[in-house]
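In what comes next, chain A is part of two complexes: it sits with chain B in the first one and with chain C in the second one.
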Partner chain A sequence: MGALASSTTTAPAHGPGGAHGRTRDAARLLALLFFVLALGFAGTAFALGDVFFLRLATEALIFGGLALSVDLLLGRTGLLPLGQALFFGLGAYVAALTLKHGGGSFWLAMAAATAVSALAGLAGGLIAIRSKGVYFALISFGLAQVVSKVVYNTRELGASDGIIGVPQPTVLPGVGAADPLGFFLVVLVFVAAVYATLAYLGGTPFGRQLDAIRTNEHRVAFLGFDPWRYKLTAFVAAACIAGASGALYPMLRGFVSPELMFFQVSGNAVINVIVGGTGTLIGPLYGSALLTGLKSVVGSYTAHHHIVIGTLFVVVVILMPRGLIGYATPALQRWLDRRGGAR
Partner chain B sequence: MSAQALATASRVPAADAVLEVAGLSVRFGSLLAVDNVSFAAQRGRITSVIGPNGAGKSSLFNLISGAIRPSAGRVVFEGRDLTGAPPERMLAAGLARSFQITNLFFDLPVRENLRLAAQFIENGRGLFRGVGASRAALMRVDELIERFALQAQADELAGFLSHGEQRRLEIAVALAARPRLLLLDEPTQGMSHADTQDTEALIRSLAADGLSLLLVEHDVELVMNLSDHVVVMHQGAKLAEGPPLQVRADPAVQAAYFGDAREANHA
Partner chain C sequence: MPAALDWLQFVLAPQMINGLSIGVAVVLMALGLTIIFGLLDVINMAHGEFYAVGAYVAVALLTAGLNFWWALVLTPLLLAVLGYATERGLIQRVFHSKDRHTLTLLLTFGVAIVMEDVLKIVFGANPLRIEAPIAGATEMVGLFFPNYRLFVMVVGSLLIAAVWLLVFRTSIGAMVRAAAFDRHMSASLGVPVSTVYATTFAFGVALAGLAGVMLAPIYSVFPTMGRDFVLIAFSVVIIGGMGSIKGAVLAGLLLTQVQSISSLFISPVWSDPLLFGIMVLVLMWRPQGLFGKLGQA
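Let's look at the complex of A and B:
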């Protein structure tokens, strides 16, 4: 990762304005911690012979992939997508159809879902990227509404029932979607790869250009870069990530339904990002794990788990506007610095 | 300068013009903000546009830099017709601008502001490699930090700088892509006297390096000291142009621009 390390040239170690680089160690530690915890959880669940929580955690990771796509748009590019479930659901449907009628290959399903999402992202981007701020948010919301209603009313796609009986594919010899531990690890590798790619992108001129667009889009054009192209690229990339994440869903649950494209899913993804920490990348994964877990745990006591989740969201936004990881990272860094200084 | 020299200076053939503006107009609703303005800026010279508030100077700048599209007329840069081109194409052609109202990436460090601006000289290379791989851009950043004396502020967020430092960074950012023509929109806006003098020296040194400059300025004394050629605008139209002394002596300019102040002094 020499390229990543060399980004220190623009990242000061100290100084009042060094928000860029001052918290790098802590951010890396928290990212590492997430994947270590995930592996620890998998080992424990496997040892205890658990299936339910492994499946639930796999679902949390899948929605984590969707949250990463939202963070690419919201946290980096400054675009609030309220319809990201469109691409998630599209990927899920394409994968379900491919698995059911196209031979049942995991890789073919992933490739098809990603390709279709890319095309849909390009089409959606050409429409939505023209607008900014709240208008972009509403157009992305509207696009998802239109497509989900079309799917909901299309008999060939199972209408409101969706597609059931999707076969669980084999990923690698001996590892299949039917194997709770194996598929959890597959999804974990997928999410880690998306995370690593986005983290790497943040240290490239392309990724920094997205930061510039978020910070002051107007000036970017006067520096010789067409912001529209960058936003469109980010939008298509986010659609691919959301679509590929969605493709994993029918492999886990064996079905898809139009609800996957509904606002509930889009809204939850945004909440996962904001609770976890917008722009931190690892935060959205923590957010997805936390909120998916909470929903299940609280949901087993009361049907009104939305009240609990909603309250938590409000509390986090008020007390920690940068989200859990946005709050924890500088605190951890201070602790690391103190410890480093003491030595 | 003799009268004859003055006359020829204002009639320099277009051959050495870096920028030619012909019949440029823009209409906002019923307001003709820029009305059929033509002038040329010579290579390696300092050309200034002055005029009272609302004379259309900023709109003229926005037209030349691609921020807005003209209703009529042409913008020709180094012989290429760039009329109506968007800002990124203007910059790619070699024409950069600064802003009257500081227009930086306030949430990003000074160094990163400059790196974003310098990335253009990499010509699209290394877009998906670590920023450290764009060596030419990073060297350009170091160069600019030194030239603009921003060493102490390099790692501060741009939003934390003093007004004078931000104005300096504003020019440095505009220069980062090595333009051949730099448009400076009121570079000394809100500056202290000392900072204004520093900026004047800076502009002179840029011109000495062979950069062509086009200024919009409020500070008439600064303009008269600095400029090789002055364009006076009034109510959207060009009122006069020529070397500073000639423009200052022009009765129409005196009436429209300096006149008011003098009458006030006499009264």
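Let's look at the complex of A and C:
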């Protein structure tokens, strides 16, 4: 009885949002809706000859990839990363350098960024995974802060100016980063692939292990599994996802700057995840799209959009800690069930 | 060995004294963080922003015509009000949730974003300076030390001692420690636990604000000034042990000494990685930090 009680009390309040089991249909529907809306948006923007909003949406998707990596750690593994921008920025720098000095191949840049992020993730993971809870959060925050400061002061990496004039690569024959619609679709396919992989992993024994670690790490050890190994794997995987997402950034904007590693970027990724719905995977993508849009709208009136974003975030944390999708999924499922029952 | 002695006297000693004046401010900052964590289990991500607000409130009070000494007294009081309101209005609302750690961390992080932007709107993004209220320098062992830095050292040390006395030698401090040790037991013994929480948070925030005013004449004042500074304070608290007062004082003085002495040999760019490396090493050796929590101290 005591064991049962302890396993329920340690479950986080904004857990996986019920992405499995009873609400699977609704979760799938909301995921499908996101990608359908994205394609619809792309079609509309292309038909209207728009470039600005297509580029902005591409950026939202890129930061959505970063948010997915945060959700893998926060929503699935129960680790709050406050320095995920470290790997995002690292991927962006490696891709920028590869594109500028290494021949300009899209695939080479992506591979290099992912490989370097994996190594950095391993090194960072060995440091950060040792600690738990808030200690992990603070150490990941510190790691990013330290590295970003070093990059900011390294003249070989352009110091505070970053690297400008990154050539826009060709992805496939006829599809290049210079083509707004083509590159939007490339990034959409990338994000969809990351989403599908993470959604699939959630159902595998590995994903169950992560769920178990989030719910009660001590008991995982008693069952004969080593939580450390699973946490490190999740951390390296999240670093790879963040790094690969970051690699897309210089292709879109043509430059990288140390700001990409700053706390603002890490913090925004966490905000996207919380507002969208922690542990829902699709929620962070909705969150990223929503907040990028909001920032653009508010930004057209005032330069101080952080006040709006910050207030929204505080309200979400207090009033709806499960996030938009965390509340929308069960509601939609109830509606689906009612309709199914009436038939 | 006259060269070595000269080096000790003219290079090392001034560096250590300067480090000490920053050190007491770092300790004040870390004390606020560690007391808040020790009692409420809240990681105050907005602590650096409260420090910045403290510096800006001082700027505003000086602009309004008050002198520095009034600012030094009034700023912590105003910050305490702000802290009290933050605890009662926001933190209290998620305090009884199951994963309080994460939620309060996120909440204070949101508060930090808003406060930073408010500072930018009210005061602008450009760095401001305030005059040191005590001019001149004092000669000691053949060296000149700015009087204001000496003042910061003395007053800061007195304040640290006062905080220690308050927590360990008064009935208010006993209530705070009791609430940190076992909140339900304390509540049943008549300790007004929720008031103690709010007051303690306000007190921690006031300490951050005080550090902000005291360092304002030494550093320049800008909206993101808290972010770098809070990293040192976090390292201090992690090394000293989250919630430990003794740990915050010792680790704070130690880390700032390492920082200022190392700047003689390495570029200041590398001083943060150095501090961070020390923190990681300490955590490998003792994951819970050097000393225990507030309730057990």
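Keep in mind that, in the parts below, the second predicted complex is superposed on the first by the 323 of 343 C-alpha atoms of A that agree within 3 Å, B and C clash if a C-alpha of one lies under 4 Å from a C-alpha of the other, contacts with A are read in each partner's own complex, and residues count from 1 in each chain.
As a convention for this text, contacts are C-beta pairs under 8 Å (C-beta built on N, C-alpha and C of every residue); 3 or more make two chains touch, one makes a residue touch a chain.
Only a predicted model underlies this, so the values are computations on that prediction, with no experimental measurement involved.
J.: Touch check for A:Tyr135: first (chain B), second (chain C), both, or neither?
T.: In the superposition, A:Tyr135 contacts chain C only.
J.: Which holds for A:Pro205: it touches chain B only (first), chain C only (second), both, or neither?
T.: first
J.: Return first, second, both or neither, reflecting whether A:Gly224 touches chain B, chain C, both chains, or no partner chain.
T.: Only chain B is touched by A:Gly224; chain C is not.
J.: Given the touch rule stated above, what does A:His304 touch, chain B (first), chain C (second), both, or neither?
T.: second
J.: Once the complexes are superposed, what residues of chain A are shared between the chain B interface and the chain C interface?
T.: 9-10, 12
J.: Which positions of chain B touch chain A when the two form their complex?
T.: 65-67, 86-88, 91-92, 96-97, 99, 103-112, 115-117, 119-120, 122, 126-134, 137-138, 154-157, 160, 173-174, 176-177
J.: In their complex, what parts of chain C are in touch with chain A?
T.: 43, 90, 93-94, 97-99, 101-103, 105-107, 109-114, 116-118, 120-121, 227-228, 231, 234-235, 238, 242, 267, 269-270, 272-273, 276, 279-280, 283-284, 287
J.: What part of chain A is in contact with chain C in the complex they form?
T.: Per the touch definition, chain A meets chain C at residues 9-14, 80, 82, 127, 130-131, 133-135, 137-139, 141-143, 145-146, 149-150, 153, 263, 267, 270-271, 274, 304, 306-307, 309-311, 313-314, 317-318, 321.
J.: What does chain A use to touch chain B in their complex?
T.: Chain A residues touching chain B: 2-7, 9-10, 12, 15-20, 201, 203-206, 208-209, 211-212, 215-216, 218-226.
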